[in-house]
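Paired with chain B in one complex and with chain C in the other, chain A is shared by the two complexes that follow.
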Partner chain A sequence: MSSAVPSHEQSSPPSDFDTTGATQDSLQSTKRPIRKNDRHLFQNPFPLQISKEEPLKGFFLPITIASFLQYLFQSFSSLIPFRKPPLPPYEGVLVGESGCVWILQDGKAQVDRALRWEQEFKRKSTIALEAGLTHALGLGLWRGGFFGKATLSRGEPTWWKRMARDGQSTEGESLAARRRAMRTAQRRNVPQPPSEPKSTTSMSSFSDGYDSLVSTPYAEGLGWGVLTVDPERYQLTPEEAFFLAYGLGILAVKESEEGDILEPCELWSKLRSHPNALTFASQLVGPEIMTTSKLSSEFAVRYAAYHYYRSQGWVVKSGIKFGTDYVLYRRGPIFRHSDYAVVVVPSVSDTAHRDTLPDIPARTWVWALSVNRVCAQVNKRVLLCHVVVPSDITRKELADPTCIKRFAIWDVCIGRWVPEKTRD
Partner chain B sequence: MVPSCCRCRGNSDEPMTSIAECFRVLDSRRPGTARFQRTVSKGSPTHLDKAADMELEEETEAEGIDYRCLLRGNQTALVRGTKDFAPDGSERQNSALVESRNALYQVLREERRASKRTLSEAIWHHHSKTAEVTLHRGTHFQVIGTTVDKTLRLLPEEALFMLERNALTLRYLGGIVSVQHGYNLLLDDAGMSMNVYQIYAYLKRLGYIVLRSRPKPTVPQYHSPVMAVVQYARDFIIRWMRWLFGHWLSPTWPLVKLRTCRLAGDIYKQLQVVPRVSISSVSRPVSTSTLPFIVFDVYKPRTGFRKSNPGPPNFRVVAQRASDGLPDYNLLRNLFDHTEEGVQLKVGIVDGGNVSFLSLYEPKPSPF
Partner chain C sequence: MERHPLYEQFARECPDAPQKVRWLSFQVYLDLVLAKEWANVHARFVKSLEKIVLLARRELEEEAEIMVPMTEAESWSVSSVSILFSQLSEISLESSSDLESLVLAIMSTDSTVVYYRIYNGLVPPEEEKER
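Here is the complex of A and B:
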């Protein structure tokens, strides 16, 4: 698999059998207008500021020796008992039973922590440390790889701004809402509503952003009354949180705001023991052979697929809107619609033992036809991502996040075939 | 089952439950009182009021169905826009309807004829589930039939297809097999079932050449024992070292040692710990004859086709029912590994009378 530095030009689509009928032309339009001067904000594939220098061509040997020595030194320096590694710049807390993580925003302490971490690792994270924006710390995660989303917006936390401006805001969500209202009005041949907003909210000031008080029907309905503080939080899905904590090491997850930071193994077991998931332990007792039925809601399997696609350079977001597990974006949700919709299929590699209980097929061809139709309507190709788990994997191995190294991925694309069209 | 495009109202304005009932009502009613309404679909004739059509359609999409229209007591019929051929009670319309209905009955009643030049003859052997061709006429045999012991043999689907096309007189136990009898006799759920036959017939009617997939000679994978031992030893040593020193040296997390990365490419390299499956990891190839379903080799129609040496097919079509589960990973890998380059793998899915097809392919997508 290529691990080249990501380029920012539009890459050509993968050459494969074009049987879905979706042409490249239909994928041209971007989802929402990106202001030209904002593009530079989204150039990092991860919440880190990465240099774009080309690898040095000459002096190959000295450089490898230097980096090897550096690696050794750092490995041994972590052995020094009193020297604790600095805390990661982002901190989050597990929310409820869903396994989702909310980013904690404690202002100054967070800024200090981030600075300390950056000094230690000699690498800048994308925490938005600009003055006045320290309460929107999730922004750094959105801008560096589109991890997570704000709870009351489609991506960046914009709820406060939108409510404060009540219909005049230029955020993506407000533009979309106004566009939808215009279209419905046009369809019904009704004279369009005047461009001044029908203000039903009480506004104390129209000042930009965060000093105004906000009271909206939405907030009143929730019993919030007049708000002085932005109630919006920044939320990560379990896979995203684990990837940032374990893969990149820039997120620390706590179980509660006052609690201790969870080690990756602890976080892993918490995410695997989601109440809705049928964990290995609760399955029928039988010979300790892995079968696909035991893996049906195993977090390790879903996470392995997420990790694989992220490591290949895709931006992976939730695919619930299309009936799949994930969708893959080449650069991010704000640039282009996603190209692939991924369905994770846990599989067990070839084994001499056969499952004593026949697997009830969870997914039939009817399902395959319908998910393909839904995704074809939105110009996406369906990828069946088989996460191949070795049949001899043990419960103990699954309790350790490094078990994903034993998995393998094989994906197949489903498309529609119309034999009438391919006859010649 | 009434098709979803039809909303016939019966005598008491209740929706019809079967086509037969529809026709019965049409026949029995006085002309002009049958309210045979069609819902407007996107492909409707263009002379309908397009704007109204679009508006109603989108409104429905946006708001959902108004279920009051479907209540039993509700007398108002579900009218959606103006119709092409709304019943207007005229005599001209009625007589046209009657004429076309009569023509339909007439055509169904006609006796089928075949010319001697195209009619072949065969005998059905039930124990071997094949037909032995005794008289050979017409062009079907260019693409149908196999020669076994100097006799031309037909598989059940081939014989039934020719029977349907009026190109074969099939004899069994002294009598001639009718089409209806043929369906009962030749198809059985164990081998060539009704479902699989429908896929076969669908593709044949389009003009494709459809043959049963022959078991391909499997290329034996040469596993060098020496390499296997070396690989195992290497893994063992690495694991052992990691166990001994793992707790002392760098921790296993985070995966990416950010201090050692200079470029994004370095980060990606360190993240790529989940491998992609390689072909050699499939240990036991399964031949097509032991697959739990039938696979067809499908060729696009071409003039120089030779049964004896057809070459690689254009498509390989796996026959499945709509209620079947997706094949598991091992089976799917087997199918792929035994499909040569240039051959596309397709799945034919039968649901009652309908056949849909899906194609399966390996895209190897990459965002760069």
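Here is the complex of A and C:
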């Protein structure tokens, strides 16, 4: 792993934190530097690896007695009564009342379970089975499609590493903090301390540093002492959790740590009914007619948009920093800044045909321009994703996840066009 | 959440808060204390607002800021913000004067927290510093 901090892009893109438009400064990007084995680590678009040598199911010829017996066993194993299917490799628990999921990472039991699942389904998951690291399981989801995010970092769990290395860390968050400090010092014309990270030759010192105790400044103010265990957790948004649990089948979500695993339909209704769907509960008591206002906080609509972009290969992350619902990355947050910012607009179609234009809620130009202006400053194009819900959809249908098959998606990209600048 | 090493410290400061408001404030608490490394953060349950607000200081010498955790989906308006100011000025710590500004800590479902400062009333533009 290279320890120097390279400038890895030919044209330095504007950083996520820079909204003043000063993009071409000489300081390096706040993104985590691309490391040599990144392309290898992040080659999987999803947390599953499909091996190239897939046996053709219909034409399998058992060659030896042993393989014949194995073939028989596997074909009929599902018919054995009382045999529970193996548990998915990842396990999560619903936290708070908002439908978010924390990945449970208890160590050895999880590793065993993951291996058993991989054996049964003949699929390799990207579960990072690095012994001794408590957050390794979340890392597997990050490496396989950038699902989820660590609670104290910008992406993969780096809090422990950053704390242990004090000011010399080369993680993206530490670089961002150092750059901000440099800029404030520059603005105040204060002589800056040398800020380049020393080239580290002792990379091995922190591979076993996970067991060491961490003392941070806050400890003195609050009188806690040191932390012996990593306080960072790996969190999934409700859409990501449902996609992994239902779409890919590699996540088992529990309601509480001691509870049972939720079935997909139960999970769906839990995610739809969380109290953050503010007035939705009261809207449920009205007549069955579906209106756009009823859909404004409907999880099925947001999930449909998420599922649509994910299944096309985009990496979909939260857009709260840009005032939109989602942002789309082509490969992932560590490679390039995102290209599109998506605003999900639910709409209701009056006709049964999917080809005619739906009834789109009226918006003012002020709204469209303000969203566009914020995103243009950070070099993103705004995508209005209209999720069209047929007007005859019933509450009963919405309670089942397959209702999203009845939705249609129209996406429209809006951008400011300046005649002088776009002459060619 | 209850097994988190820092939860006990947090829960001790707001024992009478209902369960449903705890997780949101706990997440913001963790972000301030661990990720942003602020020196001093205390939790306080405000019954009239049904929220646990945080009183936080970046450095020990600074004045405490009031952080109001919110979710992405919560709606707010000018009147709801003025209610916030009126209810929170009663619990403001040191200064006896009216609460000048609040910080809204808006948490997204993927655990990113964005902070926005809101002032109570008009703020005159800053004086141009001598260059």
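Going forward, the second predicted complex is superposed on the first by the 307 of 424 C-alpha atoms of A that agree within 3 Å, B and C clash if a C-alpha of one lies under 4 Å from a C-alpha of the other, contacts with A are read in each partner's own complex, and residues count from 1 in each chain.
The definition used in the following text is that contacts are C-beta pairs under 8 Å (C-beta built on N, C-alpha and C of every residue); 3 or more make two chains touch, one makes a residue touch a chain.
All figures in this text were calculated on a predicted structure; none of them were measured in a lab.
**Student:** Is A:409 touching the first partner chain B, the second partner chain C, both, or neither of them?
**Tutor:** First partner only.
**Student:** Looking at chain A, does chain C or chain B touch more of its residues?
**Tutor:** More residues of chain A are touched by B.
**Student:** Can A:340 be said to touch chain B (first), chain C (second), both, or neither?
**Tutor:** A:340 sits against chain B, while chain C stays out of touch.
**Student:** Have a look at where A:348 lands relative to chain B and chain C in the superposition and call it first, second, both or neither.
**Tutor:** Only chain B; A:348 stays clear of chain C.
**Student:** State which residues of chain A lie in both footprints, the one left by chain B and the one left by chain C.
**Tutor:** On chain A, no residue contacts both chain B in one structure and chain C in the other.
**Student:** Considering only the defined contacts, which chain C positions touch chain A in the complex?
**Tutor:** 1, 3-6, 9, 20, 22-24, 27, 30-31, 33-35, 37-41, 60, 71-75, 106, 108-112, 114
**Student:** Which bits of chain A are touching chain C when the two form their complex?
**Tutor:** Checking each residue of chain A against chain C gives 95-100, 102, 148-153, 159, 216-218, 221-222, 224, 227, 229, 231-233, 235-238, 240, 257, 275-278, 297, 317-318, 320-321.
**Student:** Going by the contact rule set out above, which residues of chain B touch chain A in the complex?
**Tutor:** 54-55, 58-59, 62, 202-203, 206-208, 248-260, 262-265, 267-269, 271-277, 281-284, 300-301, 314-315, 320-326, 328-330, 332-333, 336, 344, 346-347, 349, 351, 356-368
**Student:** With touch defined as at the start, can you tell me which chain A residues reach chain B in the complex?
**Tutor:** Answer in residue numbers: 1-7, 11, 14, 16-17, 19, 45-46, 48, 50-53, 55, 67, 70-71, 74-76, 78-79, 121-123, 184, 187-188, 245-250, 264, 292, 304, 307-308, 310-314, 328, 330-331, 339-340, 345, 347-350, 359-366, 368-369, 372, 381, 383-384, 386, 388, 401-402, 404-405, 407-420, 422-424.
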